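A, B, C and D label the chains in the order they appear, each numbered from 1.
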Amino acid sequence: MAVLGANGRMGSEAVRAVGAAPDMELVAALGRGDSLEAVLDAGARYVVDLTVPDSTEENVRFAVEHGLHAVVGTTGWTAERLASLDALLAEHAGTGVLIAPNFALGSVLASAFAAKASRYFESVEIVELHHPDKVDAPSGTAVRTAQLIAAARSEAGVGPSPDATVKQLEGARGADVEGVRVHAVRLRGLVAHQEVLLGGPGEQLTLRHDSFDRASFMPGVLLGLREVAAHPGLTVGLDGYLDLGL
Amino acid sequence: MAVLGANGRMGSEAVRAVGAAPDMELVAALGRGDSLEAVLDAGARYVVDLTVPDSTEENVRFAVEHGLHAVVGTTGWTAERLASLDALLAEHAGTGVLIAPNFALGSVLASAFAAKASRYFESVEIVELHHPDKVDAPSGTAVRTAQLIAAARSEAGVGPSPDATVKQLEGARGADVEGVRVHAVRLRGLVAHQEVLLGGPGEQLTLRHDSFDRASFMPGVLLGLREVAAHPGLTVGLDGYLDLGL
Amino acid sequence: MAVLGANGRMGSEAVRAVGAAPDMELVAALGRGDSLEAVLDAGARYVVDLTVPDSTEENVRFAVEHGLHAVVGTTGWTAERLASLDALLAEHAGTGVLIAPNFALGSVLASAFAAKASRYFESVEIVELHHPDKVDAPSGTAVRTAQLIAAARSEAGVGPSPDATVKQLEGARGADVEGVRVHAVRLRGLVAHQEVLLGGPGEQLTLRHDSFDRASFMPGVLLGLREVAAHPGLTVGLDGYLDLGL
Amino acid sequence: MAVLGANGRMGSEAVRAVGAAPDMELVAALGRGDSLEAVLDAGARYVVDLTVPDSTEENVRFAVEHGLHAVVGTTGWTAERLASLDALLAEHAGTGVLIAPNFALGSVLASAFAAKASRYFESVEIVELHHPDKVDAPSGTAVRTAQLIAAARSEAGVGPSPDATVKQLEGARGADVEGVRVHAVRLRGLVAHQEVLLGGPGEQLTLRHDSFDRASFMPGVLLGLREVAAHPGLTVGLDGYLDLGL
């Protein structure tokens, strides 16, 4: 394995996690300015890219061109970049790339479960809770979860969540993301947390995910590395590697 | 004991609860149109008023004028009405009246604890959750809790909860009640629930109250009846009867 | 539709729910002692059995023999009874029977999600919470959930949840159900609640289900009635009718 | 201020916290082997002891003998040591010592609130949740909370929590600490968490504390330092410094 972006916060966690995994061998850890050739010299067959939006595309294309599988946590992959990478992968049969915006297994599972469950309940809302230094509200994860839920409900023909509110203080009922209400709490001491609340007559289902630490991303990165060779071509989202069917 | 408003939803619960209490005797249960004289005829020494805003003042004044203690759950007590009742009680030493907007012990305790705790934490927010047929958001209880918290923090010289949000979807950060953020969730299946979330470096304190059933008001009504004679004069709020000091 | 056991607690809820469903027509509601022939006379094509263990087998066999689909919430179906019913259904192609120990959609979903997710986390435990009049601990649902989790982890080759406890007060770590720790809380005011807690490095996933009211079973009964004709033969468990794959 | 045990995990946090407090000045930070005289040389008027059970008594007595106030987080204070310290303090009027087993404000508040509230509810149980490397179950904090609750209920004449369990898997109902059921969950990813669940007819009150990080102890240490001079003599427990009355 080679880790790119090894000096960053996520990268240094990955160096530690890969180093500690009994079934993996870390052969290269590259920082900003290091030449990609070092990955080949070290004999790596897998690359973990945890760099920056400006360099991730070049890194991943380099890996694919040399037949290396890649697991990518860097953001900045526009639809155009993805299409271009997809075309490149078509020329390199057998090489796999996983690009995942979120490597926390619990978060990916919670979103998938929320979308599945949402068609069976009258009501659904999201409460996300983060530390107070976060600049955007709601979180990107909460917006994506709401979109997944909205799509699942629309496909199943489920109507909007009931709401008799006629008198409200501005903002009390949260933000409206494609018909799903999303509330953002900001609290000192917290890291990153999300609850999807689903309600029907006489019952409630709550799916909560707590991220306490960046360490939460590492099991997902390792799972990606273990599975990427078995998934040639481009996969976007860790859920593509999870066995979620019944 | 005499229950006024005995045919209403709360009143019929009270009839049942007083009837079942081993240390109480229900001697009268009056509905709309029944004469108040029946309370005297039955020899009641305590009155529970669970009627409507239009008749509660007359009922309570009648009780006080006849030396009966009163426990009152009816709304509609303006500052003016309260002042007038206070004056009447001054002429009837030894008679006690408890007027409580909320008889759920857990809710009263949660609000009192929240106010106490809020001066020791950097951050505080409220999430209230109710059934989707509720017409106002946030709930009156949540607004009152926020006001108690705001007053306690102001008195202790605590600054506003930190919040770095610069980019938000409208409503994501909830309603602002005197500087305290309040979020209102509406979900089929729920009854009435509230969480006060307090956060400081590395820790969180959560005070949650769940009201599943109107039965939750009865222990508070019975506690009021047991204590009202020992608290002559006017008491507003059940917390006045609770031993919350340390 | 015909409801059998219409005077019981669940049965009367079902009478109400079927009566209120816009796409269903209630043609018969039978109590103890009523003749099953009334179902045929009324022209019912579907039967809901919410009777007692002693009569459910006869009721369901009667239904199948007359080509009626059946949705069954009564307990008492031993492996022997199920095998015998299965054989009967083989002679009645096109007739469907759903036998479900639990019709609360949220509970069924929570158990299925818990089993799915449990292979991706180091640790998993269950906390179930019920009213204090319950005579058994842990609940049957908690035991079944633990068994599903144990089977899923075993199949995926996941080891036992880590536990360094060397010194404990008896009972502190809960009951051991096939290697999964289960804790049973009993609290006045509660109905039926369950949390499955899953933990990995730096993260937690919580799946919580709250049953506040018997009404929670009705959406599952109605879903069963809408789907049973499309599932000929015997189905045990409502999850067989849910679209849980991805 | 002088910090003793400055190289330990808690001590180094305290060095950072005192250094960052605008109203405090850190004049000495001593590690193992450093002479206590350095505290006097540096002109400290307050000492924070975060050392080890073997040296804390000597450190604190040294401080008191030189008229320095002390805030102590080290364990190992037996009843005998406390009595001896109390006697010493009687000879040094005006000097204050705070010995606190727990400096997390939220935890101290949660325990105090739990004891207060427990006399108003029929049922009370505790669920504590920790990382799986913990060797004892339940936690010391949970045991102390249960004892406080048991004492409060006993004093108020409240009977035991109702429990109809007649059939249980061994351990399902948790450990019995003076009549209060305590359940201990162990889960990878967690730090230290505790819930006190209180239930009455139709309602539940939940008091939850989450400790995510050792940083959670620092606001309590700083509060102790700010208040210790105003509390001459010996105080055991941070709650003695909190304004919890109403």
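Details
Note that in this section contacts are C-beta pairs under 8 Å (C-beta built on N, C-alpha and C of every residue); 3 or more make two chains touch, one makes a residue touch a chain.
This one's a predicted model, so the numbers in the text were calculated from it and none came from an experiment.
Each chain's centre was taken as the mean of its CA atoms, and the one lying most distant from chain A is B.
For the pairs A-C and C-D, the larger set of C-beta contacts lies at C-D. With centres set at the average Cα position, the gap from chain C to chain D is 45 Å.
Between the Cα centres of chain B and chain C there is a gap of 39 Å.
Chain centres here are Cα means. That of chain A falls 33 Å from that of chain C. In chain A, the positions touching at least two other chains are 121, 189-190, 198, 200-204, 210, 212-213, 216. Across the complex, chain D is touched by residues 104-107, 109-110, 112-113, 116-117, 119-121, 198, 200-219, 223, 239, 242-246 of chain B.
Residues 121-125, 127, 129, 132-138, 143, 161-177, 181-190, 197-204 of chain B are the ones that touch chain A when the two sit in their complex. If you check the complex, the residues on chain C that touch chain B are 189-191, 210, 212-213, 216.
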